[in-house]
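By written order: A, B and C. Residues from 1 in each chain.
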């Protein structure tokens, strides 16, 4: 879609005919992508962006770098929300080739196989599974009944996905208008799952708003886990039952999270960190290999000590 | 069903042939409904009831208003449980007209469409969706794979319901007999969802025991959220991942609840209230526009101060 | 499978041709089962085992009882993981008899019925339900849409299972190799559900690693509940929304757990115990009929007192 067409659709001024392939964050955008700046906290990212154009407020227009076009608007985030709809893929593809199913793969009854999708060798796809359009599944992967995999997602080799799990549902994103309406930010990214990953029953793993929510090789998820959009789980991370990760959480490799623990959004947890059951992480953890507990979070030893002190209040 | 027939089925005495359409609470009952009083806490509601009849203990029979018949029993709540079965609709309708599907609506493969149901224009109903009997779905609504919508529920226009979500499952209600058996209270109400509502993946929204569990226009639910029977969510409420609402919780408009927060039952939360992640609400919040956190719940500033004090215990 | 064949597959030394039927814990094994000892904490169980053979480290080999063969290895738990694969049943049976469906049972559309399974009289099995191989379901049981019941599980009479629930998914079990790989412990047990049990929507109940995860008669589960492998719920237990039980938790009869409460693994809770909402149980509770709250857990009165003391810190 050409930039001037996008601008016209949004009632903005722009003559440029540069071809725009999609939306992205300031730092991740390439020269064919469109980005935005709402929160001044990220103003330093604006200077570094390679985006073709950005939605910005008038007062920061001068800070837009040379090769980037400023699309001036009052509410950049809201404008982004309207723009996201222009790039949303179809709910269902009606054209394209039938799903390719490779040798020795079993497709049980009542399975939906989307257009332009591929399922590798030696897989078992059980009853009631939904494989959306343009999905890729590797070899030797088992998908249990009633799993839903939304369009454009990828699952690697030797994976196991238990019943009822949803992969690629929309992230929870919307902008507000001044009169209290919510404008959906279409979640045009996907979910990418590596090799040798096992996911429990009735989990939900949201697709990214831009690019990918990522579960790296050897990740293990227990049941009823919520992974919000744009999370990145490093190699070998282990998440126990009912864990919840807010949006854009990054877990480095081999992070372990106990049952019902959770994170706030936009933070990083260093490699080999352990979060005890019910731990609530609200700030990034930068030192690897430590153990943490509680909400607010303390180092595990400190938390135990604190519980001792609290119990003493009773005396 | 006539009142004397109901009484007979329950081994109670009553000659009245008034037609009873269903069960309801004391305050909500109309002159064709049957109610109950178990807990003396609600005795003042008894005086105001318009119900045709009530199950009551002998000692409060005199307080039953003039136009209302007292059905005297030892355990009114248990009697209500037995009565609820008499009004339970069929699990599956075998008669009635086929589901009406309006123009430009796509019904994918492996979808069940119940009797006497209606689906509006421009909808997309994806594979594996179950639409029960007597369900009404508005226009432009998208229902993702493997969603289950139980009988009698209503979904408005421009809604999005993500995969695996269950709408209209039975509320968690039962009475106890003296010898430790549980007698199910049939959940004869439904769920009513307004317009422009988006619901995430693998949520569960229980039907009401009487009348309706309500999600008003523009409500937004993230993933893995539990809404118990008879909750009412006002316009524009936003519930983040893994929130749980106990039965008969009322959220007024634009309440925001953070991840894993929850409420006890039978309480109200004032408009524009914000509950931080993990907040646990155990009493009604009557002042609007405040922010709360913690469990037990404090005003957010107080909670932050308290955490500071607690951390000091370590020194 | 003969013991010498198993040993050969695992690169261990053993000549015995005793027939091994499966794996089990030290205390539960019979004379045709194979067990293991990794953690010295359980060394006293070794002396009592009736297992045909055990995987043990060299240093405890002398403590293996007379009629039990010591299979010496460096990492018994990891060896068990490799062995578990040898006993894993097929993902899908292709042979065997078709599912037996008894009189007056309704099977709706898009249901999968596994081989060698039986469904009793007067049941209703709704659309999108998956009944795996070798499953037994009693009489008068209702299974709502899109429920998945994995192979070998049993459900009793007069049960109700709400939509989206998963029964028999794999427990969360794996051993680690020294180079950071996870080796799956195949979960070769099942789930056994008694009579008159009601289970809410979108729950997940994992199958046992050995033997059975058990829900006894009259258990009531609300929505979005996680029951890990090898839990045992006594008669009449009531679990409210979003409760999570870690592996090998035993609840004795009539335990009540409030919303979002949880347990650590390998513990017991005495009969008629009540755990308040959000309670976190980390040690066994041996005295029956008490009420508990908080995390860490206190007796309910103590917890209330403690909250009062904590609130005073603010003054």
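To be clear about the criterion, a residue touches a chain if its C-beta (ideal position, glycine included) is under 8 Å from a C-beta of that chain, and two chains touch if they have at least 3 such contacts.
If you want to know which protein each chain is, UniProt gives these names: A, B, C = UDP-3-O-acylglucosamine N-acyltransferase.
It should be emphasised that the depicted structure is a prediction, and the values quoted were computed from it without experimental measurement.
*Asks:* Do the two copies chain B and chain C share over half of their interface residue numbers, or under half; same or different?
*Replies:* Counting shared over all numbers used gives less than one half: different.
*Asks:* Through what angle, between 0 and 180°, must chain A be rotated so its C-alpha atoms fit those of chain B, rounded to a multiple of 5?
*Replies:* About 120 degrees, rounded to the nearest 5.
*Asks:* Nearest whole angstrom, what separates the Cα centre of chain B from the Cα centre of chain C?
*Replies:* 32
*Asks:* Note the residues in chain B that touch 2 or more other chains, in rising order.
*Replies:* 110, 128, 146, 164, 202, 224, 242, 260, 310
*Asks:* Hey, which residues of chain A end up touching chain B in the complex?
*Replies:* Counting only chain A, the residues touching chain B are 91-92, 110, 112, 128, 130, 146, 148, 150, 164-166, 169-170, 172, 174, 180-182, 184, 202-204, 206, 224, 226, 228, 242, 244, 246, 260, 262, 264, 280, 295-296, 302, 305-306, 309-310.
*Asks:* Within the complex, which stretch of chain B touches chain A?
*Replies:* Within the complex, chain B touches chain A at residues 106, 108-110, 124, 126-128, 142, 144-146, 160, 162-164, 196, 198, 200-202, 218, 220, 222-224, 236, 240-242, 254, 259-260, 277-278, 307, 310-311, 313-314.
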